[in-house]
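In the two complexes below, chain A is the common chain; its partner is chain B in one and chain C in the other.
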Partner chain A sequence: MIETAPGAVLAVLWAALGVWFLLSAVNQFSEWEVARFLRRHDRLSFLPRWTFFAPNPAQADLRLLWRDEVPGVPQPWQEFRAPFAPRWRHWLFNPELVTHKALADLSGSLLQTVARIGEDPAMFSGPYIALLAVVMSFPAVEGAQAREFAVVRTSGVPGERVMKVAFISRPHAFPEASADARVR
Partner chain B sequence: MLSSPDRMRSPRRVPTRVFADAAEVPSRLLFVGLLIESAEAIRMREAFEDSGLFARRVIALVASRPAGYRVQIGPGGGAQSVSTMMGLQAVAALVVLAVGLDAAAGAAAGLTCLVTSGYLRWRRAIGGNGADQLTFMVLATFAMVVLAGGGSSARRAGDTFVAAQVCLAYFAAGCAKLISPVWRSGEAINGVLATEGFGIPRLGRRLSNAPALSHMLCWGVIVWECAFPLALVAPRPITLGFLSSGVLFHLTCAVVMGLNRFVWAFCGCYSAVWLTGDLLR
Partner chain C sequence: MKAHDQRALGHVELAAIDLTITAMQASGLRVGDLTKDDNPRQQWADAWADAHHPFVQLNERDREIIQQIKRLAGQLESRVTLQKLIEGRAQIIQSKG
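Right after this comes the complex of A and B.
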């Protein structure tokens, strides 16, 4: 490889990479005010946060459920289908991981928001509205007027699975105008 | 990763030809990861439709990136666009795998991967992981190296940065575990393994019945991650030990936890660690 760049260009490159690394290192201290400032302004996500299942590793799966409410009669809970990849291929090809992680990110973020500011204000948070938007897009049972969703933690082997309800939303009414179109 | 193989042909480095004959091979691993990412995104294209988890109206609620706004919710963010971009990424990754980054076609393909990978990151906004982050950073570094002329000094700068980021990644993750009571108590790994998403519940239960082993595994990961930066300054056999154990670590995480693309992203950067270590010794 022939050296082609003038010294000034290389100096700029080293400086840019050096600053990037320095800011990346600062960004690891999530509680620092300067790190918060960086994250607010890092709109393209150039700065990493390397934690890898720390400090609080996932100890349970987060699942999203919803149910419709026909006046006076709550319908059975249904689960958002986010299947896990079969083990014979998940080490190589695992598209299900992205869906599962996204759902866990949204649900986890909602639970953190609830813990921080309480259930009622959390209704106006991005994760709550996003999860509501996801569940509201599914077909409704006939006569349904409202829908609620829940985040449930599960862990353990099938048959001995431990399940804990982490959050239940308020019921949200379907817009009347589109209710007929949504009925399956 | 980004360095010229010329450096490695010096007589001083002849005895350590672990990567020398295959200098291009480790760096191409990253593009295997990009190829897999393309196939995965195409497979899950329904999730990008208007009724899916990554529907544009959902992503618009949680993403705060005006720069990617048009990509996320505009006409360019539909499921068909995602599939098209990922098809392009697959072709570009195959080109790099075939000809390497030194060739003009390979460099162009590498830059194409930066665009497509960035597109997917901003369009998806949620559900990403450390492998996506590192891959994107390496591709962005490659673009900066190309902008700086792509010469040996520029590539060395790129290698050094990539190596530093890999060391930071492991070190920061190790420190985060060190301050975590769950990790220190030895309960973290069997807890993770008890989940279906990242583990094998039956294995998690067995491990919880063997607390000494669980404790040893947790502390093994903590010590290994915290000590990884030593790979840059330690004698070569020790560096080789860190990198070999790193490959084994990521392969284990892939098989047990399904973290498939970490293998390609992180191990693809190990040649940069090796080369940077040579500079520092």
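Right after this comes the complex of A and C.
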């Protein structure tokens, strides 16, 4: 067995961590060509990028809404509300956050896809299909033949809340076979 | 600072959204038409993409696939079911391979 001097191991470790630190620092400057190069080749996302709070903090929430359509009569919009963890444990154990994060990421990804390739082609995207599958899983009102969903951005506090409709799907027909099963 | 509020939308807020969407649909507008000038959706989408990693650079093959997706989207019936969309996506993915 080859014996390695602890000093040499430490030096290699320091060098590796130092390079990682430097590359991570460079990766924070998205406009730099070298950062683009790094991110193109960072297939496993070794280089972190922190933009959750600065310089452009997220200022809006994305909410998922849906409504049924009984022939000729659109029903009221309803908001999909995933449960929140109780306050006493949400700082420690918060699996409920996964649903919220998934919805936020899917909605964000959908908006990104729509902006890039347009609304109709975006229907084949994973985020669209996933969000549609979520809303189609809810019970329907009697006689409903189709369902549509919307993504709404909200910011501010109730009473002063600003709302912007960010996306509206097409209406999607329910499959005939599940007509009886879906009535609530 | 508390920029977010997680409370559910109230009836009045849902009604306001309903009115907005109904007015848009009645006049044949789409969300993109309303946001052409300042295009916050594009800005938001760019910010989101930037925050969540890598730059998307489309190559020739990707562009071909997008054209194929657009053609397929043009053939969809107006109230396409979830099942049909999944089948369409499967077709696209298979043709990519």
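Here are some notes:
Following the convention adopted for this analysis, the second predicted complex is superposed on the first by the 113 of 184 C-alpha atoms of A that agree within 3 Å, B and C clash if a C-alpha of one lies under 4 Å from a C-alpha of the other, contacts with A are read in each partner's own complex, and residues count from 1 in each chain.
The rule is short, and it goes like this: contacts are C-beta pairs under 8 Å (C-beta built on N, C-alpha and C of every residue); 3 or more make two chains touch, one makes a residue touch a chain.
It should be emphasised that the depicted structure is a prediction, and the values quoted were computed from it without experimental measurement.
Once chain A of one complex is fitted onto chain A of the other, the partner contacts of A:V134 are limited to chain B, with no touch recorded for chain C.
Of the two partner chains, chain B and chain C are each touched by A:F84.
Of the two partner chains placed by the overlay, only chain C lies in contact with A:L65; chain B stays clear of it. By the touch criterion stated above, A:V157 is placed in contact with chain B and with chain C alike.
Of the two partner chains placed around the shared chain by superposition, chain B is the only one that A:L44 touches, whereas chain C remains out of contact. Once the two complexes are overlaid on the shared chain, A:K101 sits against chain B while remaining clear of chain C.
Legend: residue contacts after superposition of the two complexes on their common chain; A:V26 is shown touching neither chain B nor chain C. Residue overlap on chain A between its contacts with chain B in one complex and with chain C in the other: 45, 49, 51-52, 56-61, 84, 105, 109, 126, 129, 133, 154-158. For chain B in complex with chain A, the residues that touch the partner chain are 4, 6, 36, 39-41, 43-44, 47, 50-51, 53-55, 57-58, 61-62, 64-68, 102, 118, 121-122, 124, 126-130, 133-134, 136-137, 140-141, 144-145, 147-155, 157-158, 160-161, 164-165, 168-170, 172-173, 175-177, 179-180, 182-183, 188-189, 191-192, 194-198, 200-202, 205, 225, 251, 254-255, 258-261. Across the complex, chain B is touched by residues 1-5, 9-10, 12-14, 16-17, 20-21, 24-25, 28, 43-46, 48-61, 82, 84-85, 87, 90-106, 109, 126-127, 129-130, 133-134, 137-138, 154-158 of chain A.
For chain C in complex with chain A, the residues that touch the partner chain are 2-10, 13-18, 20-22, 24-25, 30-32, 40-42, 44-57, 66, 69-70, 72-74, 76, 78-83, 85-86, 88-89, 92. Residues 30, 36, 39-40, 42, 45, 49, 51-52, 56-61, 63, 65, 74, 76-79, 81, 84, 105, 108-109, 111-112, 114-121, 123-124, 126, 128-129, 132-133, 136, 145-146, 150, 152-158, 161, 163-168, 170-175 of chain A are the ones that touch chain C when the two sit in their complex.
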